[in-house]
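Two complexes come next, and they have one chain in common, chain A, joined by chain B in the first and chain C in the second.
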Partner chain A sequence: MTTLPQEGGNRSSSSATTALQATLRTLSKYGIIVAFFVLCAVLAVVEENFLTANNLLNVLRQTSINGILAIGMTFVILTRGIDLSVGSVVALAGVVSATFATMDTRMQLVPETMPLVAIMLGIMAGMLTGAINGFLVSRFAVPAFVVTLGMLSAARGGTLLWTGGLPVPNLDPSYRWIGDGVIQVGNVWMLMAVLFVVLGYVGIRWLNAAERRSNGALGASASGTRKLTALAVSAVVSAALAFGLAQALPAIGIGQTHLVFTESATGEEAGAFAVDVTDDELDFFAEQEGGPRRRVSVDWAAEGQPPAPEAIVTAVLERIEVVDPETVMLDFDGLLVPLTAVEGLESSLDLRLGQVGLPVPAILFVLIFLAAWVVLTRTRYGRYVYAVGGNEKSAKTSGINTKLIILSVYVISGALAAVGGMVLAARTGSALTQAGVAYELDAIAAVVIGGTSLAGGVGTVVGTFFGALIIGVMTNGLQLLGVDAYYQQVIKGIIIVIAVMLDPSRRQRE
Partner chain B sequence: MQFKSAMMATMASAIALTAGAAVAQEPVRVGAAVYGLRAEFMQLWTDGIVNHPAVAAGLVEVTVFDGNYDALVQQNQFETMITEDYDAIVFVPIDIEAGATAVQMAFDAGIPVIGSNTRINTDSIPDVIESAGYQYIGSNDVLAGRMEAESVVADFCDDGGRVVIIEGPIGQSAQIERRQGNLEVLAECPNVELLEMQTANWSRAEALTLMENWLTSYQGDIDGIIGQNDEMALGAIEALRQAGYDVADYPIAGIDGITDALQAVKNGDMVSILQDAQAQAQGALDLALAQVIDDYEPMSEIWVAPETSWYHYGERMPWNGGQDAVYNVPWTPVTADIVDELLAARQ
Partner chain C sequence: MAEDLLLDVAGVSKRFPGVQALKDVHFRLRPGSVHALCGGNGAGKSTFLNILMGIYPRDDGTIVVKGQEVRFATPRQAMDAGISIIQQELSSVLDLTVAENIYLGREPRQLGVFVSFPEMNRRAGALLERLNFEIDPSLKMRELSLAERQLVEIAKALSQDADIIVMDEPTSAIGEAEVERLFDTIRLLTSQGKGVVYVSHRLSEIFQIADSYTVFRDGQFVGDGLISEIDRKGLIQMILGVDMKDEFIKTNTPDDAVVLKIRDFSRRGQFQDISLDLRSGEILGIYGLMGSGRSEFFSCLFGIDQPDSGTVEISGKPVKIRKPSDAMDHGLALVTEDRKETGLVLTGSVRDNISMASLPSVCNFAFVNQRKEQSNVGRMVDFFRVRTPSTEQIVRNLSGGNQQKVVLGRWLLTEPEILLLDEPTRGIDVGSKREMYGFMSDFAKQGHGVIMISSEVPEVLGMSDRILVFRNGRMVGLIDRAEATQETLVHLAA
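Right after this comes the complex of A and B.
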């Protein structure tokens, strides 16, 4: 994996061989991503529930905490350091922020912004531990392994001191939103806008790179007309993709709600309406108490938002012949609502449809990943981080304040561990003192699987992102398959080592 | 309370936690070696032993040793207690198989050992145990496993249903015995199908992930959830809630009666079987004092008879002169009647 962005490569020969070489280089650079999709493909084949919207969102949600930790860990490892304290900081930040977030249950004078304040205080606790780590590593040249090992113990002790060993329960729903909240999937226009920005950006960069290749000038960029053309093409392509996806996504369950109808009293078959159940499912429904059930799917992804509950019920009533409305139950994946209780249905239905939204922890994970990617590849600070990890002495000689850079990466790691800790507390509903034990190992594993070298200076946050996803997908897949937990650990260990062995960029380096 | 318990933890982690006022008579010194103070249950246990009436009366000084979840650390602490010539030791081992050597050392030095919460496997030192009179006070995990499973399948034992079991770390005595109890009940309900039985290592976060994935596997078509402790049952509840299921539709049970679980019981989300940490701790101290002091009468309210409250065990756990080899602290299903009282006690 290349260290720094190297678009400025000065290669003027434009034969087919070079193009092929470039393609191969790109492929091997993204070996981890290929591995990720291969893993997903395998799981999709062997486990029917893997490739469903809910499960993919579950994976994102389950990966987010480790992913956030691993992104912070990437900064540290890039400087040839290590942060073993993140698991303990997870617990410390969790209890610190939860203590403040639950103050209103113990004290009567609390502003509404308390959860926000509590989150800030939690992050500050993480930054403080990170600053201590970074200070000791950078000023006193104590090995990072030793300093953060000390902090692993000290932060856990601090956690226990803070609460006296007891959990901090009863977190407020507004605080818990960062762990269990859901943001509705945007509509097709939003999807189009996002695709347009991404495609447009990539297109223009590609044009600039091509320009540089052809005339060999470092600062060259494509002409305005060509850029406009690229933008127009991006607009058309993203529109086509967005509408195409809106049609295709319901096929795998995104933007789809299942409604199951039960005819409890008559026992007669419900009237003819489109059902998308298999015979197996139908048999299963028939065995259930309360007579046969039928399932229909309402596709709403193309509409951009779920239809109002009344509209769903009306649409359904048009398609079945209801003998007696009193006997018809609507079943939203397990939530039974009498047809006659449509008025009270709204919140419950929203709850069900809300499942299709994006989990807040996953959004946090992706946002933090994007921010880290920008910082590491697009800023001077990022280049300094790589420089310090690559060769601290020459970085220092060239005027970089290496001590400050080293201090800062531990602060980043501490802050992100704190975010992970608060997401965990929000997800479990209580800040637990034993939370986060051994989380540092999964975070390091994600970084290493992602191709970052423990020797420093080499690696990408993109690799870490997919490294974390590989661990998450693996855990999820093995649990879906019902593999015994102890085999899961063995398999995880093997895959970590194999992933690193097979990493083509690593071979290239050697 | 926060700060008071924080202070207590400070001292506990600095190894020695001494309680009791100085009195004219030299107090008995009892060491309490517990496997670890990181989780709530052992915290409650410790609160129980240092608040024993005999401590307040200055009859005994209790020092709590934090074993840090390590059998070797516990063994070293036994060596310390022997060197320091403690009068008796209350022992909560990390595992049933992990304490025999330490107990033998104490017996060789003539110090009585009272087991609490977790037994030790006495197979390797039967003679020592026989002659030195090892006593044990704890709760029968097989019974707890039965009680929680019965509560989960109560509504569909005959008609059939699909349940999952979330287990503790495989091989730990509590997991082995609670599983035995779980499976005994399921065997009595042949129509009930056991869909999955996997470990979440007593952890709420692990159980949450496991349950999310099971909900995907079975499309929510699960009729009951047996968690071998409260933490894991709470993780399952969170998974259901966050996936949008109505928790009230699922019978869910856990064991221990930790504070969060009490709250969940109050909300009607689950059933919890209370393991009485105070009784296990105070009962053990009474047994230790009975071995050291002649004609000692137990001072903890747990022995009160006739029973006037659920934590006065009376005839359900008779004192019998402090001579029995095993005392079984009864389990108490947490009901609406006692949940408020329990929650108030935890404040």
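Right after this comes the complex of A and C.
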């Protein structure tokens, strides 16, 4: 193990190689992220419709449910288990909650809709199935594969029993919001703030790691001045990026203009417009803010440039029945413009450039991902999950309640499967008893592509996040390229296996 | 000259990215000889064996087997040339029978395609009988104990009728009685003119069975010679490369205060009526054969299993220990016998493993205070001088001695009063062993107590203040340091 003394002249070149090696190591550690962006870049080049607002939002919507399931699955697989029941729990939680959120009187369990209660009950149904799985696995040492295979069948049966085999249609609009709502997540300033936080954090982490490498000290951290410099640099970079993006996004077609317009104070009775708008979302906070509001999305992505003001007005008028145009206002972030004053539209529209709206399921997915990341990397519980998966006997000897940890990961998986199930029902508008069939396979694939080892103890939720995105983008890309649906499945299967074969983090372990 | 050697290795080198693993090493094996290959962890023994068996290609040098220069590309070629190896890690297929494992890939056939099971069982039975291993060849491997599985691996290597047999830590998993049978077998083989390359960290075995030695250190050849011309101390000195005063470090002396009092501890089928007093400042040795109930006793004491009866008092107060966290609350710490099986989370980092048992002490509510954790871990890495590139290193990649230090670091962070050590020096090199002894002495000197289980008689004699002997789950003797001899221990335990 002795290293031979280096000649003086070699020093700089050897430190350069070390830096290169370190970079390569980092890259292979984050290979999944690189792979994701490469995949996106390739699709953007070969398929012009890939990089459009509608399509990207679609991918996000489609990925979210699988992603939420996969995050729960990550916890289970980290403990060396598997949860095959998530697809059935999707359906079970969907119908259980839907029976409290449907406006269809024949399917209602209670005479009125209670969206929040419905969501709570759905999650509880998922947690209950998870608790049964976890109890059997941890207490009686039945293999997780067998227990959850049983639950796959039992929960599907329970779903059919709950509704008598019928779908639960006509869900309450505010329940449906969790499936098809859109939230304005901000403008160019917020984008800048988010970028700053992310870049600053990564920068400081990187500095600390570099410091550790260079002086070999354990747990060393970079000096205050260097940190400040890093923060300043990331501030400049994020500002440039944010404004650059804001300029570039409309040009490449990412961006959606939302015109929020309200009834003027002198207008009609509340509720006058609240009918017959089918493909738009009811504002979730309408009731708190006084007065029903409608949000109309005018998507101009396909045209490549903002539509003419006349076209916007036409689109607006098409979607609603305007009792009296004089009473309708267009609301641009509080700037109210009368519908009739269409000449003012164009300049007002500029105010909205760079504004980003995200589907609610995608936001749920990201929030759940962040929470799971914090839990797995920053909490004692997370450490115990890894320890139990890495070596249960060692964990037990170290005073960890291993049975409780194992039980808990199945509860988490069940709860997240339930969230996925409710998002799916909300998106579809009705809860179907055949929802979620074979969803467990995509969830497992996302976890495995993300580098988590089926042998337990190794893996990250970051990997799973990108694993789910890769599956989503890949499916979407194949659809856009017009690949035959039967071939799509074959290709998807092949790509999953190859992705895992080539995963450098997996090879390092062996 | 080369003609009468079984194996003549000269000038072999091997470089891995960033590491010169072997540099110009020599090794000569005569027919009828048991040749010990010695060296600490990282000395290059494993690399050497891997090159010999055709697993790694060599960069440089020659290997001559029975007068023919060879360059093996696969282990199969090495076997065909008459070299077989008994692996350190068990590699048996658990759901096949003993006979199937022995003849895996070489099954006797009928009509060219069908495996002749009666013939295979008969041959395996004859082989096992010849070796004096009492194992039924038709049993599934899964039904055998760890020691018996290791014996089957030995039988498998011997069944290949090789002229050169490499034994890499063959005794690490088997009991003393089986070791004797293995040695009988080795003597039988050498009397037939075969050669054995014997790799072991247990020096007493080397002096018992080997006739010559070769020492590697840091990938280089240090020396070779006849065992009859070197003593234990001299060999250790060669392995370590530093002048060594004593093999054991013992500086503690017990006083009268009893820190742990155990009365009538029993668990059916494992151990009966164990009573002992551990005094402050004392190292209490437990000696006994494998399967004598020693490890099971520790398991119950630490709350992993429950005893059927018995009482425990710690510092004069009766305590109930139902689970490991109870034991930890009362200041106990357990270093288990098998690092890889029950000790470490091999997939985890040095940091994960060291902080695992003491996480609650560095947590604010549910969150780990990473600064505090890192400083604790760093303290342990420095204290035990763990050789690791960083605390993020995956523990699987550390050597045995460093892995054991990681386990000790984990437990020292829980601030224990009483340390239960089960075979603390198994499979670690001589240098790390000495560090371990130094730590045990220092720990006891602070008024704490240590109970140490060991199968190595010199270690028990060298470190213990009193020695408790186990036989078939019962205490058969409690001997003072001054009166204990190798003979009394072995006699009592057998």
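Assume the second predicted complex is superposed on the first by the 355 of 510 C-alpha atoms of A that agree within 3 Å, B and C clash if a C-alpha of one lies under 4 Å from a C-alpha of the other, contacts with A are read in each partner's own complex, and residues count from 1 in each chain.
To be clear about the criterion, a residue touches a chain if its C-beta (ideal position, glycine included) is under 8 Å from a C-beta of that chain, and two chains touch if they have at least 3 such contacts.
Quantities reported herein were computed from a predicted structural model and do not represent experimental measurements.
Judged by the number of chain A residues each one touches, B leads among chain B and chain C. In the superposition on chain A, A:Arg378 contacts chain C only, with no contact to chain B.
Legend: residue contacts after superposition of the two complexes on their common chain; A:Gln62 is shown touching chain B, with no touch to chain C.
Legend: residue contacts after superposition of the two complexes on their common chain; A:Tyr386 is shown touching chain C, with no touch to chain B.
In the superposed model, A:Gln489 lies in contact with neither chain B nor chain C. Applying the stated contact rule after C-alpha superposition, one finds that A:Thr397 touches chain C and leaves chain B untouched. Of the two partner chains placed by the overlay, only chain B lies in contact with A:Leu160; chain C stays clear of it. The intersection of chain A residues touching chain B with those touching chain C, taken from the two complexes, is empty.
On chain C, the positions that touch chain A within their shared complex are 18-20, 42, 218-219, 302, 304, 323-325, 327-328, 334, 336, 341-348, 352, 355-357, 359-360, 363, 366-368, 370-371, 374-375, 377-378, 381-382, 390-391, 394, 410.
The touching residues of chain A, counted against chain C in their complex, run 1-4, 212, 218-219, 378-381, 383-384, 386-387, 389-391, 393-401, 453, 455-458, 509. Chain A meets chain B in the complex at residues 49, 52, 54-55, 58, 61-62, 99, 156-157, 160-167, 169-170, 180, 289, 333-335, 351-352, 354-355, 424, 427-430, 432-435, 475-476, 479-480, 482, 484-486. Here chain B touches chain A in the complex through residues 1-2, 4-6, 8-10, 13, 37-40, 42-43, 159, 170, 196, 198-199, 203-205, 208-210, 212-214, 216-217, 219-221, 231, 234-235, 238, 241-246, 249, 258-260, 263, going by the rule given at the top.
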